[in-house]
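Okay, got some structures for you below.
Shared between the two complexes below is subunit A, which has subunit B as its partner in the first and subunit C in the second.
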Partner chain A sequence: MLVEYSSLITLIALTAILAFSFYAVLIAGQLSLAQLGLASLAAFTSSLVVPDEPLFGFIPPLAVGIVFGMCVGILAAFILGLPVIRLRGVFLAIATLAFGEMVRIFLINQTWTNGAQGLGFPKLVGIEVAWIALIVVAYWFWRLSGSRMGRAFAAIREDELAATTMGINVARYRMASFVIAGAVAGLYGVLLAYFSRFADPNEFSFTAAVDGLVTAVVGGVTLFVGPLLGSVFLSVLPELQRLLGINAGWIRPTISGVLLLVVILFLPGGLSGLIPRRKSAKRLVANPALRPDLPALPAPGTELVSLQGIGKSYGGVHAVRSVDLSVQAGEVLGLIGPNGAGKTTLVNMVTGLTPPSTGTGVVLGAALTAGTKAHRLAQSGVARTFQQIKLFNRLSALENVLVGGYRITHDTLLRRLLFLPSARRFEREAVAMASAQLIRVGLGDKAANAAGDLSYGDQRRLEIARALASHPSLLVLDEPAAGMNHVEAGRLSELIRSLAADGIAVLVIEHNVRMMLATCDRIMVLNFGEVIASGKPADIARDPKVLEAYLGSAGNDADVEAASVLAAENLAEVAVELAREHEQGPDAVIGDDAEPNGAAEPEDKR
Partner chain B sequence: MRKKLFSAAVCGSALLLAITGCSTTSGNGTKDDGATGSGTGADCVIKSAVPISAAFSLTGAAAQYGASQKNALELAVEDLNKVGGVTYELTVEDDATDPKQAIQVFDTLIASGAAVIIGPTLSNTAKQTNPIAQDAKVPVLGVSNTAAGITEIGDYIFRDSLTEDAVIPQTIKAAVETLDVKKVVVMYSNDDAFTESGYQAFAAALKDEGVDIADTLTFSKADTDFRALLNKAKKSDADAIVVSGLIDAAVPLVTQAREIGIDTPIIGGNGFNSPALIKGAGKAAEGVIVGAAWNSASDNEQNVKFIEDYTAKFDAAPDQFSAQAYAGLQIIDHAVRAECSAEREAIKAGLGDITDVPTVLGDVSLNENRDAVHDALVQVVKDGKFAILE
Partner chain C sequence: MQLFLDGIFLGSIYALFAIGFTLVFGILDRLNLAHASVFTAGALVGIEVVSRFGISIWLAIPLVLVLGALLGVLIERIAFRPLAGRHDAHFAGLISSIAFGAIILSLLQALFGADTRRFPADAFPQARFEILGATVSLLQVIILVISVSLMVVLTWLVAKSKLGRGMRTIAENPHAAAVLGLNVGRISSTTFAISSALGAVAGVLFTLNVNAAQLGIGHAVELKALAVIVVGGMGSLPGALVGGLILGLSEVLAVNYIGSSWRDMVAFGLLFLILILRPQGLFGARKTREV
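Up next, the complex of A and B:
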């Protein structure tokens, strides 16, 4: 059996290694077709350095080839990555495809590769070597999947922008996945050449790249065994048909094609979707003792955001003009104004997503310039939610929050590879921290649900929990109450007050003016990119300019509602009453609306 | 979840069992079932059928070649089994024009007890599969491998296909003698093993005959527009254009050359040796000179019969691939009968002694390098047909 099928078994391992190379980029949401180019570069250059005899008497020639080939793969992937890493989707696929073709033509025209006639290699790879290599690669990806790096890849795959605002350096991680794929591709190239004893550049063609991609996709990218399953499936199919006595010819590829179609149609997650996933990453760790020790937040009153004359214009359109803004630790600053007033543009500048056109600003000690990176600000303690919900939809609620904890957790990949006890401890700390945030926003019982399956209000809350998981000094909430009813909005208001009480500076945009008047310490009103009023909620509510701004842009539901809150409900009285209640504490404000059971009561105030 | 895991395990082991269960055929099936017979040559009688296996590209890029090879082998087995004494049992497997598939096919064929393996279709595949047969001491007869370095793999590797090295010098010699060629432009596609080694053979042959090479131009096997290169070639005012390219390049190249007014002879490698050239290029193909291992116009008695039978059976004219495959089995038959044994070692020894065996290709010998030796035919396209160049 072993003799007859030794080549088949070896090739299953080699094909799986190639599929892992595609897997490495797919898990970070990138479609690269450069793998075969990298593999052939590695294979042919390794022929130049592999010695006939063991190096220094004990290093086997193949080991030299493997190490060298992987280095070539890493280096080539890095150099290729520098220009193409900014490309996305189909553009990246085309650019990397072109690279593969360039490599093929380059190698064909070199004398040392013997051109299209190919190069002979000694046979150094058999079943054992191939499977050991596969096991090492699979082990690496297995340990990667639960590490912080693995979570960062998943986050980038699901939503790059959200990942950036969690403090993840997207460009660096994308490059990392590219380089990892390069290393694995280099390994594949060397192993294949020294297994098949011959290689010509035409073998590492576009067709072969597509085969590798198909293997990875059929196997599935949700689980590390996917590439192996894909490889077994595709390699065994022709052999199985041969055994079943199906005659050689067109009928075999047809059957294989139909089965492939069936898998793609009915198993969107690939073959690995059939394997039940381990549930541990979905379990909460509620024990507060397991939470990590976190650095203290800035003392209340410390100025965290300071903007002077900040402005943003797109061509002739001034979205924001000359705004001064200051946010202190422990306060809730509200930002209201009609639609299109420039509120989101302003917070995008504060969180580093949009560089300001004019003015200066400092956020948590970092100056806002064209070169300010959102992930850097996030790492220094800015967290935010989005007006359009940006969750990692295919990840569970808990996993979403775990990604949010990127900033305060350790990278555990190396520790996980060595099974160090500290890896387990760090992971548990991260889960404990994430669990606490989930419970705090009232999603403790939905930890295992996929984020995309949650209700709208729950998704809003999950976004807040994810932002909180980074232990931020400054929390920016962009319309957190959108789509919430009175009761939910009341609980949210309570939550925001409790966060401020913890010492977090909260900058919140909201159309629910009633809630804003109740929640904020200070409110700034923007209209047409300019601040038209700023001050205590009571003063804002009485300001005729504010009412005018809202009435002036009628025709929009949210604005009409806001105006009606301001005008119809006896504006001044409401404001005075609310201001009085406000001084008595946040609970009294929503006392009328909130359910008496106190379900939204934060269970763990730090 | 436990249940699912269990069922997954059951399915997995069932699959493994299926694979192992079907592989009980022992590796040395030719040993003890009457593989050795009595008598020699025409009188040889072997009781059990001689298992002949072939690995051809029946699907994928080279499928058209593999199909004619398979047809020819089926015809040859039919014909040889009629002779009596020795019967052949043919297994044809598909390598899907993929060396990785071919490696597995060779493993399977060797394990299933093939006395000799014919194939594979492509040279670059042979470089990966033939070492496996060499290690397992199973004789291989290539019937279409023309690249250098195939028979060097080992002493179990033979071929009846003339290499470009064997055909091209004869082509150039004939062209120089009949057409008085003194200066040529050479064009070849440099991204294909076959055409590149063809180019090397042309370059060497031109040097031997003392012909000037005015210019050497390269193209890709995927190219279809050669006008720029041909204009360059036209300016150099050569007596002939020498081309090493596949048939896909041959048709547009020849057509475009005539279009831009090149009326010098065009000398092609084996890639040009296809009825598709005349069909595709039509009148433009007139005057194209091609050296070949086989020509349908050859009046060799066996060849005439082969063409008739093949056309009757498959409703299509045979090409060089089918002729060489048919001749391959004739040669194997000769080797088996010489030792009157279907054992691998005996066949290997028999193949080593092939001298002037009459086949559809003419009288074929295998030399000390296990390569074929027979006369090549230099043909010229004349009145829409390949004719012998005289």
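Up next, the complex of A and C:
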């Protein structure tokens, strides 16, 4: 039985290793078709160095080949990665496909590879070697999946921009996944050549690359056993059909095609999506003693952000012109203004996502220039949320917050590979930190839910928890109360005050003017990219220029609502002045600011 | 001169395949890898109706056109539409179209076998002309004329017609298009039908030109077509034509001056360089991300 099927069983392992090579890039959201090219480079070059006799008398020839092949895979993947790593999606797939084909044509035209006739290899790989190699590779990816690096890959796959603002160096991690995939591809190439005893560059073709990709996708990338499942499924299927007596040449590919279609259409997570996932990473650790020791925040009053004459223009359009801004530790600075006033552009510059066109600025000691990297700023303590929510939708709420803790946690991959106790301790610390933030924003009971399934308000709160998990000195909130009702907005206001009390500088954009008046220490008003007013909330509320800006814009419901609140404030002001003039009791009028009697629009859109 | 013309004719076949390819990508943002199988189906079915039933090639081409359109509708319905709204629609669409293409190929194998097949020798008029000292066949001229006119007609269709406006709206934002009352499903089906009809006809013309067809021809051309649409700019119709001509010319020149074993290096080297230096291609527009 084993003898009869030994070749099939070996091939299952080899195909699974190839699929792992695709898996390594897919988990970071990249699609590379260069894997077969890397594998063939490794296979053919290894034939040049593998000795006939054990090296130094004790290192087996195959070990030399494997190490050499993996090094070739790593090196080639790195060199290929340098120019192509900035490409995305289909473009990356096509560029890597082109690379694979170029390698194939190159190898065919070389004499040392024996060209299209193919090259003979000694038989050094059997069932045991193949499966040991597969187990080692699978072990690596199993330990990777729960480490900080694994979480960073997942975050990049789900949302690159959000990952950047968590302090993750996206380019470096993408390259890392590329290089890991290259190592695995090199391993596959060497094993395949020394198993099948023959290799011809044309075997490592586009079709073979597609087969490898299909294996990885059918197996699924949500769990490390996916590539193995895919390989078993696709290798055993033709064999099964043969046993059932299906022999016509065309029926087998038809059935395989139909099954592949069914899997891809009806099993979005691939075959591994059928396996229920372990829940350990979804449990909260509420014990505060387990939280990591955190560095102290800057002393209250320290200037963290200082912008002078900062501006941004797109083509001829000035989104922001010459704004001065200063934020101190422990204060809440509000940024309001009608739709399109340039608020988000301004905070994008503060968080390093958009380079300023003019002016100078310093954020947490780093100058804002064209070369400022958002992940660097995040590393030095800037955290933010987004106007259009950017969560890692398929990760659980707790996993989202764990990614947020990237900056203050340790990478645990090496420790996890060796099962060191410190790996568990670091992971527990990270979960404790994340749990505390989830509980703080009131999502403690939803830790295990997928972020994408949460309600809109909960998603806003989860983004805040994720930002807080990095223990930021400066927190930027872009419309955190959007979609929240009055009760929720009130709670959010309390949360923001308590964060400031902890010593965090909070820069918040919000259309809910009433909440802003109650929450902020200072408010800056932008209109058409310029600061039109700046000062204490009470003064802003009664500044007719601010009301005018909102009335003039009439952009959307939020602007109208803001205008009505401001109008009520202005009315109250007028009433107070009138009352003073007539020396009557004005209290009745002031106390009644919930009813904007006669103001332009109904104030409450609910 | 002969080299130049040969390059232009080879390029116009690549362009014909690539125009259908890029139409779907430009409008629906999907790479349809079953396109190669439609190409093969067009070639083999064309050969079958001409050689078995003795139908004139001028009737066979419209038949193949209709067959291609039907296949296109099936591809859209079965391999792409069920994926709409899935976060991994890009990856999944690649794989499901590969699966669907494999099914088409295996059915073709069932119908026609795996052997190389040819059009009967007299299927197409063998007229030849002399132009500026170079020999040109009627077929080559027709292929060039068809490619250019299809490009012009399609560009007009996408830019001016009601259908084209619908297509471009969907390209911009499928969700908003549905809200505006556009029948997104029908427009997508139509796009796939046009694209696949072109692919199938390209198969017939290609086979007439090289006078041989087997199950694998689609894949070879598909890789070239990827190069063509990237060089021309993903989604750009004039780009597909220009890209096809550039590739055809450079291949012919490479064969002549470097050697035929390095021919394919040109396509992929060009592809690689363009992706690195100018990822949006010669005629493509760069899409920007927003926060």
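Here is the rule we go by: the second predicted complex is superposed on the first by the 566 of 606 C-alpha atoms of A that agree within 3 Å, B and C clash if a C-alpha of one lies under 4 Å from a C-alpha of the other, contacts with A are read in each partner's own complex, and residues count from 1 in each chain.
By our rule, a contact is a pair of C-beta atoms (placed from the backbone, for glycine too) under 8 Å apart; a residue touches a chain by one contact, two chains touch by 3 or more.
What you see is a predicted model; the values in this text were computed from it and never measured.
Once the two complexes are overlaid on the shared chain, A:Ile275 sits against subunit B while remaining clear of subunit C.
By the document's definition of touching, of the two partners only subunit C reaches A:Leu261; subunit B does not. In the superposition on chain A, A:Leu353 contacts subunit C only, with no contact to subunit B.
Of the two partner chains placed around the shared chain by superposition, subunit C is the only one that A:Thr344 touches, whereas subunit B remains out of contact. In the overlay built on the shared chain, the residue A:Val90 is in contact with subunit C alone; subunit B does not reach it.
When the shared chain is aligned, subunit B comes close enough to touch A:Asp200, but subunit C does not.
Legend: residue contacts after superposition of the two complexes on their common chain; A:Ile105 is shown touching both subunit B and subunit C. Judged by the touch definition given at the top, the superposed model places A:Leu243 against subunit B, while subunit C stays out of reach. Using the contact criterion defined above for the overlaid structures, shared-chain residue A:Pro253 touches subunit B and also reaches subunit C. Set side by side, subunit B and subunit C differ in how many residues of subunit A they touch, and the one touching more is C.
With the contact threshold set out at the top, residues 105, 108-109, 248-250, 252-253 of subunit A are in contact with subunit B in one structure and with subunit C in the other. Here subunit A touches subunit C in the complex through residues 26, 31, 83-84, 87, 89-91, 93-95, 97-99, 101-102, 105-106, 108-109, 161, 206-207, 210, 213-214, 217-218, 248-254, 256-258, 260-261, 264-265, 268, 344, 348, 353-354, 386-388, 393-394, going by the rule given at the top. Residues of subunit B touching subunit A in their complex: 1, 4-5, 8, 15, 18-20, 22-23, 27, 58-59, 92-94, 96, 99-101, 103-104, 106-108, 110-111, 124, 127-128, 131-132, 147-149, 190-193, 195-197.
Those residues of subunit A whose C-beta lies close enough to touch subunit B in the complex are 1, 3-8, 11, 15, 104-105, 108-109, 115-118, 120, 123, 196-198, 200-203, 236, 238-240, 242-243, 248-250, 252-253, 274-276. By the touch rule above, subunit C contacts subunit A in their complex via residues 25, 31, 78-79, 82-83, 86-88, 90-92, 94-96, 98-100, 102-103, 105-107, 109-110, 114, 219, 223, 226-227, 230, 234, 261-262, 264-265, 268-269, 271-272, 275-276, 279, 289, 291.
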